[in-house]
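In what comes next, chain A is part of two complexes: it sits with chain B in the first one and with chain C in the second one.
Moving on, here comes the complex of A and B:
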C-alpha cells in the first residue's frame, strides 16, 4: 500500500479492519470504508477501466459517484460503481467493457481507428442496407456492452417502504445541514438525505489546508443531534422528483417512497473537467476527486501533481495536496495574473510556482498513465501560444476550472433555470411551489454564504408550511469566478474529451453543429452527449459552452436539457416490485378444483373451462357436459356475473334511462333481458333485471363488464340525482345455474318453493330456501333448457354447491364449464357481448332491435340509435351452417368472402352434436341475410369452406324446452 | 405520484382514481344530428383550465375537479351539485 497516507482526522476508513479483495485476478488489500477505486489507487493501480467507445485506459475522474469509466463486475453483480460501492471482503472484481482484461484490452486498437469512427458514425454507416443492420448490431453490442449478464442470477426482491416528511433536504453539505437545522428549529419534521456514506459534503474534503470546514461540520452535527424531529440519512440517494414531492430514496437495502410537503435541493455542484488533449489519461482528475481521495480514504492522489485551475477551489486543492505529501509542480491558472488573491499568496508562500495566463495544452502519457503536461501561455480570448511550451513531468493533473449545479431534481420539478453570467453557471430563476434551492446548486459558493443560504432556505420552507421562523435575507450569488466561461483548449490532434461516458471530443460537437444539429436537444441526441450513465453530470455544461460559441450566443440562450430520473443508476432489483396479477375466485373455487377443473381467465376471475377426467379428451368432456344439460341436468357456477342491487322510488326510472328496454311495467316477481348502449349507440353490456319488490331490483351484468358498468351507473346517478341507491353485490353473492330437463325434479328435493310453471313461470323470480340456504331463484333460458339461476349469500356458496351435487346424484347431475356453456348458448343463437359484438356494433346489427324501446323519453344511446338506424345497416349477424362433412372447420374471426371480397367474419362457431351440424354466427353484408344464402369462409391456410345462412336458434327454435310448462 | 383530493376522503395518491373526462353537457334531445355527433365523438384538446370528472375507486365516489391541464394543477374538487360548474367558481 504505497500510496496510503498516515491517519487523518475525519477519514472514512477503519484501519483496524483490513479487507482482502481481487481485481482483474490479482489480490489487493483495502480497509473497511474504502470503495474499490480508493483501495486500488492506494495500491498504485491506475488503470481502473476502459472507455466505452475507444477502449482508452481510464482511472479516477470525480470520486463523486459518477465515474462511469470505472464500472466493475463482481460475479453476478453487474456494473458496480467503483467510486460508490463499499468494498467487501472477498470481492472478485473485473473491469467491464474489456476484451482480455483492463491492461491488455485487445480492443484498444479502436483508439487508433478513431478517425474512422466520427460522431453519428453508427447512424450513417449502418442505416442501409437494412439486412446488414442485425449482423452489425451484434458486433457493436459485444464491443460496447457494459457487464456480462449471468442468466443464473437469482431473482432478488427488495422491500419497499413509505415515509413522510414536512421538509425533505437533499444534500448533507454545509447548506443542506444548515437548512435542516433551520427547518428543524422551526418545528418541521425534517428528513435529510445524502448519497455519500457520511455527511458533510465539501466540509469534509475541501479544506484549503485549514480546519475551518471540519469545525463547521462538527458544530452542525452537534446542533442537529439536539433536534429529535430531524432524521439524518447518509448513504441514501434521492433518485428523482415526481409530482407533489414524491421522491424515491434509495439506500443499500431498499427504496423508500418519500412524500414530502416541501423539498430543499442542496445537492451542491459537479466539478467540471477542463477540456484538453488526453485529459482522460489515468492521473488526470478533478481537483475535488484528489481532495476526496485524501480526506475520505487517506489516499495520496499523486506524487507530483499540477493543478490546472481558474478559481479559488484549485488553489485550495493545491494547499490540501501540498499538506499531504503531494509535490505540486505548478499551479497553472487560465486567468491573467493577479486574480488568485490571498489563496495565491498562501500557495506561493508554500513555494509552489503559479503560472498565471497559462493552460495545459496537452497531457502526455506512457504505460497507460499520465507522465507529463505541456503547458503554454493563453490569452483572454482563449488563444494558446504554442511557440515555447513548458513540459512538466507529473503523475497527477488536477482540474479545477468550474462547476455545474446538481440541479436535476430542480429541473424535474419544473424549475426555470437561467444562466447567471456573474457566476458562469445555471441558477434557479423560478422554483416550483414547495421547492427550495440552497448552496452551490443555487449559485452560492463561499462557505459562509452557503451556510447563510441554507439557513434562509430552511426558514423559507418552514414558513411556507405555516410554521414560525424568522425571516431571512436573500443571499447574494457568487463569488464571481468560481466557473471559467471557456475551459476548453482546442488541439489539432483532438482526443480532448468532453464526455467520458461516450468518448466525445471537441471536434464531435463542432461536426454535429456544422451538420445542422445546432439546438441543444438535437445536439444531445446526435452526439449522445449526456446520454451515458452519468447523465451529463460532467459533460452537459461544456457541451452547452461549445454550442454557444459556435452559435455566437450565450449559454443561457442555448439552454440546458432536463436530466431525467434517476439521478444516479439504481439497481433494477430496487425498482422491481412484486408482480400483482390479481385473480378473483368464486366461493366454489375449491369444489371445482377437486372436480378437476381446467381454469380459464374471465376478466379478473378464474372460471372452469371444463372438468377434466383421466384418459378423456377435452372435446369428449365438453360433449359429455353438453349432453348432460340437454338430456339430464347440469350445474354451472355463474358467480362471476356482475350483480347489482337497486333500491328506491325512482329505481324503475333509473333502469329505463340506462337500459334500452322498458322496466316500469315489469311485475314484481318477474325478470326481463336488458341491454346497455354507450352514448354512440354501441352495445356494451347485457344481463337480466329482476323486480324483487316494488322498489327493490336486482340485476346482472356480464362478468368482464361488471366493474365498469357499475362505475358508469354511479356516474349517471351522480348526475341525475334520482331517488335511488346502488349497491355492487358482485362479490357478496354466489350464483349457479342449474339447467336441464331434470332440473325442476331435482330441485324439488331441496326447496319448498312451488316450482310448477303456473306458480313459477319462465322468467319468474322467487325467494325462498334451497337446502336451508336463503336464495333468489330466477328461471332463465341462456342455455336453452329448463333452468334456475340460484343466487345465495357468498358465504353459503360452497354449501349450496355441495347440497346440489349431493341431491343431483340420482339424476346424473354433471357440473359443466364455460366451454360447454358456449356451445349450449350458441345452439340457441344467444350472443355474447364482446365475442359476437365489437366496439362498433349497434343493436340492429345483432338482432337486438326488439329490445330498443325508442318511444321512451330517453335512454343512453337512444339519440345515436335513431341517427344510425336512419342510415341503414352496415352489416348483420346471421346464423349459418356448414355442409355436412366439411373437411375444414373455420375458426372465429375467419373472413366471410363473397365475389372475391371480404363481406364479414365469423364470430362464433361450434360442431354441435345436438343439432348434428357445424353451426355458427357471422357478420355478413346486408344483402346476404336471407336464409338459404350461400357464402364462403376463408379458413386456415386459405381453404375456402362453403356455408349457408340458416335461421336461429339452431336448437329448439320455438323455445319449448326452456319454457317447459310441466 | 400526484395527490388528488377526494371531496369525501381527502388527499389520496392519483393511482386510486379513474379519470372520467371533461364535463360536457348533453345537448337537448331535439338537437341536430351534427350537434349530437359533436357531443358524442368530439373532445376538446384545447389546453387551459377545465372542469373534469374523477372517480375515487376505493370508495366509489364520483366528483368534479377544476384543473389547469397545462400545469397539471388541481384548483378545487367537489361533489356533483355542491359546487359551481363554472371555471373560477367556488
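Moving on, here comes the complex of A and C:
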C-alpha cells in the first residue's frame, strides 16, 4: 500500500478490517470502507479502466459516482462502479471494456484510428454495400457492450416498498443537513437521503486545510440525533422525481417508493473538468476527487501535483493536498488576478507557486499515466500564448474550474431554471409547489451561506406544510467566480476531452454544430453527449458553453437538455423487483384443476379452455364436450360473467336508458337480452337482464367488460341522480350453465323448483334452492340447448359444483370449457362482443337492429345510431360456410377478398360436427350479404378458400331446442 | 340449507396441512402449523372469512341500521365496534356489518333485506377476510400498498379503501383481544392471489400463514 496515508480524522476506512481482493488477476489488499478505486489507487494502480470508444487508459476522475470508465465486473455482477461500490472480501474484479486486459488492451489501437471515427461516423458509414451489413453488425456488437453476461446468474428478488415523509431532503451535505434540522425542529417527519456511504458531503473532504467543515458536520449530526422525527439514510440514492412527489429511493437492497409532502433538493453540484489536451490521462482528476481520496479513504492522490483552477475551491484543494504530503508544483489559475486575499496568501505561505493568468495547455504521459503538464499564459479571451511554455513534471493534475448544479430532480419536477451569469451556472427561478432547493444546487457556494440556505429551505418547507417555523431571510447566491465561464483550452492536436463516457472531444462539437446540429437537443443526439452512464454530469455544461460560443449566445439561451429519471444507473434487479399481476379465480377453480383443465386468460380471470384427457387431442376433447351438450348434458363455469344487482323505484328507467332494449315492461320472473352502446353508438357489451322483483333486478355483462360497465353505470347514475342502488356482485356470486337436452331431468334431482316449461319457461328466472343452496336460476340459450344458469353465493360455489357433478353422473354429465362454448354459440350464430365486434361496430352491422328500441325517449348511443343508420352500412356480419372438402381452413381475422380487393374479415370460424361443415361469421361489404353470395378468404400462406353466405343460425334455426317444451 | 360454506382459501390452507374446525358453518383453519405462535409474533396472516357479514347501500341504509339498534359511524371511511364485531361506513350511504364471535346482528338484519327495502339495498358480501398481526405488519403493508398506514389518517377508527398488490381491498385496524391487528377484506375471486402474495412476503419476514387460534382464540372458542 504505497500511497495509503496515516490515519486521518473522519476517514471512512476501518484499518482493523483488511480486505483481500483481485483486480485483473493480481492480488491486492484494501480496507473495509474502501471502494475498488481507492484501494487500487492506494496500491499504486493508475489504469483502472479503458475508455468506451478509443480504449484510452483511464483512472480516477471524480470519485463521485460518475467515473464511468472504471466500470468493473465482479463474477456475475456487471458494471460495478469502482468509485462507488463497497469493496468486498474476495472480489475478483475485471475492467469491463478491454480486449486482453486493462494493461494490454489490444483495442487501444483504436486511439490511433480516431481520425477515421469522427462523431456520428456510424450515421455515414457501414450502410453500403448492404451485403456487408451483417458482418459490420457483428464487428460492432463485439466492440461495444460492457461486461460479460452470465446467463446462469441466479434470480435475486429485490422487493420494492413504499415509504412516507412530510419532508424529503435529498443530499446530506451542509445545506441538506441544516435543512433537515430546520424542518425537523418544526415538527415535520423528515427523511434525509444521501447517495454516499456517509453523511456530510463536502464538509468531510473540502476542508481547505481547516477544521471548520468537520466541526460543522459534528454539530449537525449531534443536533440531528436529538430529533426522533428525522431519519437519516446514507447510501440511498434519490433516483428521480415523479408527480405528487413520488421519489424512488435506491439503496443496496431495494427500491423504496417515497411519497413526500415536500422535497428539498440539496444535492450540491458536480465539479466540472477543465478541457485541455490529454485531460483524461490517469493522474488528471477533479480536485474534489483528490480531496475525497485523502479524507474519505486516506489515499494520497499524487506525489507531485499541479492544481489547475479558477476558483477558491482549487486553492483549498491545494492546501488539503499540501497538508497531506502531496508536493504542489504549482497552482495554475486561469484568472489574471488569481484568487487574491487570505486564501492565496495561505497558499503562497505554504511555498506553493501561483501562476495566475495561466492555463494547462496539455498534459503529457508516459507508461499510460501523467508525467508532466505544459503550462502557458492565457488572456481574458481564452487565447493561449504557446511561445514560452512551462513544462512541469507531475503525477497529479487536479482540475477545479467550475461546478454544475445537481439539478436533475428539480428539472424533472418542472422547475424553471435560468442561467445566472454571476455564478456562471443554471439556478432555479421558479420551483414547483412543494419543491425547495438549497445550497450549491441553488447557486449558493460559501459554507456559511449554504448552511443558511439549508436553514431557509427547511423552514420554508415546514411552513408550507402548515407547521410553525420562523421565517428565514433569503440567501444571496454566490460568491461570484465559483465557475469559470470558459474552462476550455483548444489545441491543434485535439484529444481535449469533454465527455469521458463517449470520448467526445472539442472538435466533435464544433463539427456537429457546423453540420447543422446547432440546437442542444440535436447536438446531444448527434454527438451522444450526456447519453453515457453518467448522463452528462461532467459534460453537459461544457457542451452548452461550446454551443453558446458557436452561436454567439449565452448558455442561458442555449438551455439544457431534458433531465430524465434515473439520475444515476440503477441495477435492473431493483427495477424488476417483485411483480404483482393480480388474477381472479372462481370458487370452482380447484375442481377444474382436478379435472385436467387447460387454462386460458379472460381479462384477469383464468378459465378452463377445455378439459384434457390422457391420449386425447385438444380437438377431440372439445368435440366430446360439444357432443355432450348437444346430446346429453354439460356443465360450464360462467362465474366470470359480470353480475350486477340493481335496486330502487327508478331501476327500470335506469335500464331503459343504459341498454338499447325495453325493460319497463319486463315481467317479474323473466329475463331479456340486453345490448349496451357507447355514446357513439358502438356496441360495447351485452348480457341478460333478470327482473327478480318489482324493484330488484339482476343482470350479467361480458367477462372482460364487467369492470368497465359497472364504472359506466356508476357514472351515469351520478349524472342522472335516479333513485337506484347499484351493487357489483361479480365476485360474490358463483355461476354455472347446465345445458343440454338432459339438463332439466338432471336438475330435478337437486331442486324443488318446478322446472316444467309452463312453470319455468324459456327466458324465465326463478329463486329457490339447488342442493340446499340458495340460488337464482335463469333459462338461457346461449349454446342453443335447454339450459339453466345457476347463480349462488360464492362461498357455496364449490359445493354447487360438487352436487351437480354427483347428480349428473347417471346422466353422463360432462364439464365443458370456453372452446366448446365458442363452438356451440357459433353454431347458433350468437356473437361474442369483442370477437365478432370491434371498437367501431354498430348494432346494425352485427344484426342487432332488432334489439334497438328507437321509439324509446332515450338510451345511450341512440342519437348516434340514428345518424349512423342514415349513412348506410359500412360492413355487415354474415354467416358463411366453406365448400365441402376445403383443404385449408381459414382462421379468425383472415381477410375476405372479392374481385381482388379486401372486402372484410373472418371473425369466427369452426369445423362443426353438429351441422356437418365448416361455418363461421365474417364482416363483408354491403351487397355481399344475400344468401348464396360467394366470396373468397385468403388463408395462411395466401391460399384462397371459397365460401358462401348462408343464413344463421346454422343449427336449430327455429330455436326449438333451447325453448325445449317438456 | 345443508351445504357447507367454503372460504376462497380453503384449498390453499388445506395444501399447507391446516387443521380445520367448523366455525359459523364454514370449515375454518384454526391451526396451520405448530409454529403458528412464533410466526404470528413476527407476522401472522389468518383467514377469518368465516365471520358473517353483510353490506348495505342506499340513502336510508344508515337510518335503517340505527332503527335496529345497530351503531353507525358518523363519518364515511370510519368504523365502530359492535358486539365484538364492527360496522364500517365505506361511503356516505354504504356500510359493512361484520359479526364478531357469538354475535348475530348480520343474521338478524339479513332476513329483512331479501330484495331490498325502500332506500336500503343489500350487498351480499362474500369477501375473503384476512387478519394480519405481528411486529412486521407495517413492513408488509409498506411492501404491498402505497397508503401510509402509520399515519394518523389511517389509524384508530379509520377505514381505508385502496389497492394492495393490485387488488381492491378494505383495511382497518382492530384490537383483537390484546393484539392490535389489521383487517383486510377483498373480493372472493381475488382472495387466493392476495393470500398467496401476502403470505409469500410474510414468510420472507419470518411470518406466514397462521391459524385463527394463534391470533383470535375467542373466535375459535366461539
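By definition in this document, the second predicted complex is superposed on the first by the 951 of 966 C-alpha atoms of A that agree within 3 Å, B and C clash if a C-alpha of one lies under 4 Å from a C-alpha of the other, contacts with A are read in each partner's own complex, and residues count from 1 in each chain.
Methods note: contacts are C-beta pairs under 8 Å (C-beta built on N, C-alpha and C of every residue); 3 or more make two chains touch, one makes a residue touch a chain.
Everything numeric in this text was worked out from a predicted model, so none of it was measured.
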Partner chain in contact with A:796 - chain B first, chain C second, else both or neither: second
First, second, both or neither for A:337, with chain B first and chain C second: neither
Partner touching more residues of chain A, whether chain B or chain C: C
Partner chain(s) touched by A:840 [first = chain B, second = chain C, both, neither]: neither
Touched partner set for A:89, first chain B, second chain C, both or neither: neither
First, second, both or neither for A:715, with chain B first and chain C second: first
First (chain B), second (chain C), both or neither touched by A:572: neither
Touching partner for A:109 - first (chain B), second (chain C), both, neither: neither
Contact residues common to both interfaces of chain A (with chain B and with chain C): 259
Touch list for chain A against partner chain B, complex: 242-244, 246, 259, 679-680, 711, 714-715, 718-719, 721, 728, 857-858, 862-864, 867
Parts of chain B lying in touch with chain A, wherever the complex brings them together: 1-3, 18, 20, 29, 33, 36-37, 39-41, 53, 55, 60, 62, 72, 79-81
Of chain A, residues touching chain C in the complex: 159-164, 257, 259, 578, 580-587, 589-590, 605, 639, 645, 647-649, 692-693, 695-696, 723, 725, 727, 729-733, 769, 771-774, 793-800, 803
Contacting residues of chain C [partner chain A, same complex]: 1-8, 10-11, 26, 49, 55, 57-58, 115-116, 118-119, 121-126, 139, 142-148, 150-151, 165-167, 187-190, 192-193, 197, 201, 204
